[in-house]
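Structures given as structure tokens follow.
Paired with chain B in one complex and with chain C in the other, chain A is shared by the two complexes that follow.
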Partner chain A sequence: MTTYDVYVAGGAVLFALGTYGLLERSHLVHKVIAANFMGSGIFLVLIGLANRTPTPEPDPVPQAMVLTGIVVTVAMTALGLAIVKRYFSETGRTTLDADEKPGERR
Partner chain B sequence: MPERPRIRLVPLAASLAVFALVLRAVHALPDTATGLSAEMTAGAKASGIKNVVTAVLLDFRGYDTLLEIAVLMLATIAVLSLRTDPDALSRRISGVAGPVLGALTRAYVPIMIVVAGHLVWIGSSGPGGAFQGGAVLGAAGILLALSGFARPRWSSGAPMRWVLAVGLLTFIAVALLPLALGGTLLQYPDESRKSLVLLVEILLTLSIGASLTSLFLASASDTSEGERR
Partner chain C sequence: MNVVHHLPALLVITPLVGACVAFVAGRRVAPHVALATATADVVLAVLFAARVLAEGPFRYRIGGWGAPMGIDLVADGMAALFIVLTSIVGLVVTVYASGYFRSTDPTAYGHGLFWTLWLFMWTSLNGLFLTGDVFNVYVCIELVGISAVALVTISGGPDALRAGMRYLFASMLGAMTYLLGVALLYASAGAVDMATLSERLVPDTTAATGLALMVAALVLKTALVPAHFWLPTAHASAPTPVSAALSALVVKGSYFVVLRLMLDVMPDGYLPGAATLLGVLGAAAIVWGSVQALVQTRIKLLVAYSTVAQIGYLFLVFPLARNGRDVLALALTGALVHATAHGLAKGGLFLAAGGLITRFGHDRLAEMRGAARAVPVLTFAVALSGVTMMGLPPSGGFAAKWLLISAALTSGEWWWAVVLVVGGLLAAAYMFRLVAILIADAPAETAPAPKPVRTEWLPLALTAAAVLLLFAVPLISDLAAASTTLQSAGVTP
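== the complex of A and B ==
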């Protein structure tokens, strides 16, 4: 068990938790948060894998990819929340369930 | 009686399946990775950009970064167009900061601007760069808007839109320039490599800061919205 194993296993756990949340939660904000979990999991996996090189310095390419990914995740989160907010102001619902009454707690 | 937490089978199965898939994918990799450290370090030395991650982001894999900025700009445009009420924030904070918030903002914002500039400049040789600088600049913009110093009206004005666009437009111009000189896309000429990367970085910092501020401000709503429903 090396340090990189811990990062990769932790990343896989986060990714799985995010998948569960994305499918199980019906509240749209929860879904956005779950998608963020999945992204963070993949970042951890990539950061862990960057450490596998024989040289003491980690591989810079996965690190740069994670940095790119973080910015894309920020963009995704902002757009997701804006869509959820607009959806709420149009319909008064917080889930995609057509039977939900406006103002109902979920 | 509180509802018992229930675990649904289909999401659980899907979650376990992706967990196994990630572990399986990682274990299918060869035991010893060669990595690209050596090539990247050598290439970074030749280009004059000492921080390898910055060299990867803006030079060796500039295409990724170009598309990433495009994604950020698209998201900003989409969020700005999804607003229901562009003036919600200005009404809500009414432009008056309390004495403590006002004093803190006056002290912090200049420091944050200097820190952002430092992060961009240091990015060529150490940890830092356009995204880190842009994040600090974005935080400064949010602080200014929330404490009522800069009226959020500028967040949707034409000058702000130019600041938003300048990073991506410059990056595209710099990427296309080598085509006119007989090279390939994003193939910077060797003698001006470092200055071109620095120019793109500085303008990207401004655009990223503006974009993060706009993303935040665009999502403001009237406090009364929740009570109305």
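== the complex of A and C ==
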């Protein structure tokens, strides 16, 4: 196992965990965090890729992608949390299930 | 500075500057800023299309850096067509919105932010249509998604928030899956520039998995059956101008990238079965979306499910495209005409539906019987959009179906022609049902018109444009010939 493999394997695990969380958890904040897991997984894969060059210097392109990706993910997380907050103050709910009683907290 | 030379950059910068100015300008001035921006964008889009038609495809290196470190914009006929479509629908939506938001409560939750978000979405769409690398696609598609989700939730009501959340999660899942695909593709080919990728792509598992993930993510973003679950509620619960922009333009954005990946980046025979699978899902979307549209009891949901069905046609191009360059040219032109006709007709239909909802004060179809007496112009707009969605001559929808059916018959894969004909009949069924309700001989109980509504003519303008599009087919055909896809396939204009 090289360092690269460790990063890629770790990234894949994070991505899978995040996908599971985004699809299966019903709490809206959990879903937003799960999407961030997916993002972090991909960033790990990209950082691993950057180290795969034959020269000691890492490849700058994947690192630039990670920086851009972080900015985009922060924006999306902020929007998601803002909507969750507004949704909670409007309905008192923390999930999308229509049958859950208003005001019930989980 | 020669303006014509910098057109690709100006198409992104203009709405971006407009969005920022609209943000600081305040509630009263913002609509005027948006209107000026939209008008400028129409002029730039037409100049851009004219230049592409005259010179053929060209690349624009932002800041002169060039790939791989810089960002290259690719200007070709396909990009020009979608940018012109966006500018025309965008201008009409902007004019409509200035009336729409004036008549609603000015202190409502997020209505003041509409102009900024709408121009940001326009910026990202233009960027998406011009981008030449798969990572930039990720950034643009995320920006489209973020502004679209914010626009859906702008009214701040529980239904809109719920629809917006569902849309946001679908959007996040799609974007993350797409980015993982880009990472895998970069691991294999060492490039993100589409033109470089198409040269370097070798059939290995890493690259194939990456491309499969990217296409799957874009299918989710385009809401192709079975990944359409988020679309009807998101498009139906948004404010009317937003619904029109989402259905007419935003789904076309991710579809555009599927076209680029499947036809430009991947060589023939890459990802075997993917093209057929997309065609089969497209056929399923036509049937399922139409059947759902038939049983809806609320007007905006009917229109949204019609979008699910119409998206299906766009994906029939992929199985047909494998049958040699003549069929490819026919099928691609057909798909582009269909995307344009649907963009115009569906934009108009959503605006007309919004007008009906304003007039009745609700969206229940059963209680809209006899609306034609009170709102003849809106009813006519609905009927005209039906003409092009069914594919009746003379209309843009007819030309699109004609081209796709010709492609299917020339290729010998006649079953796609059957799908197209059945789809037309199903569209006729749900559009006739809608029109029959509106023109029924019954006294309609409409709310009294508060004041003369000038915006009634806007949906009619869009749907009439969709019908008249028939006469612009030669132009679209020239634009298709000036696309990188057909140029590299060796089709001469």
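One rule holds in what follows: the second predicted complex is superposed on the first by the 105 of 106 C-alpha atoms of A that agree within 3 Å, B and C clash if a C-alpha of one lies under 4 Å from a C-alpha of the other, contacts with A are read in each partner's own complex, and residues count from 1 in each chain.
Note that a residue touches a chain if its C-beta (ideal position, glycine included) is under 8 Å from a C-beta of that chain, and two chains touch if they have at least 3 such contacts.
Just so it is clear, the model here is predicted, and its values are computed rather than measured.
Trainee: Name the contact category of A:45: first (chain B only), second (chain C only), both, or neither.
Mentor: In the superposition, A:45 contacts both chain B and chain C.
Trainee: In the overlay, work out which of chain B or chain C sits against more residues of chain A.
Mentor: Counting contacted residues of chain A, the larger count belongs to B.
Trainee: For A:81 in the superposed arrangement: first (chain B), second (chain C), both or neither?
Mentor: First partner only, chain B.
Trainee: Scan A:9 for contacts with chain B and chain C and give back first, second, both or neither.
Mentor: The first partner, chain B, only.
Trainee: Examine A:19 and indicate which partner it touches, taking first as chain B and second as chain C; both and neither are also allowed.
Mentor: both
Trainee: Regarding the shared-chain residue A:61, is it in contact with chain B (first), chain C (second), both, or neither?
Mentor: Both: A:61 reaches chain B and chain C.
Trainee: Taking the two structures together, which residues of chain A meet both chain B and chain C?
Mentor: Residues 15, 19, 23, 41, 45, 49, 52, 60-61, 65, 68, 72, 75-76, 79, 83, 86, which sit in both footprints.
Trainee: Considering the complex alone, what residue numbers of chain A touch chain C?
Mentor: It is residues 15, 18-19, 22-23, 28, 31, 35, 38-39, 41-42, 45-46, 49, 52, 60-62, 65, 68-69, 72, 75-76, 79-80, 83-84, 86-87, 90-91, 96 of chain A that touch chain C.
Trainee: Which part of chain A faces chain B closely enough to touch in the complex?
Mentor: 8-9, 11-13, 15-17, 19-20, 23-24, 41, 45, 49-50, 52-55, 57-61, 63-65, 67-68, 70-72, 74-76, 78-79, 81-83, 85-86, 89, 92, 102-103
Trainee: Which of the residues in chain C come into contact with chain A in the complex?
Mentor: 68-69, 135, 138-139, 142-143, 145-146, 149-150, 153, 156-158, 161-162, 164-166, 168-169, 171-173, 175-176, 179-180, 182-184, 186-187, 192
Trainee: What does chain B use to touch chain A in their complex?
Mentor: 8, 10-12, 14-16, 18-19, 22-23, 26, 29, 32-38, 40-41, 52-53, 55-57, 61, 64-65, 68, 71-72, 74-76, 78-79, 82-84, 131, 208, 212, 215, 218-219, 221, 225, 229
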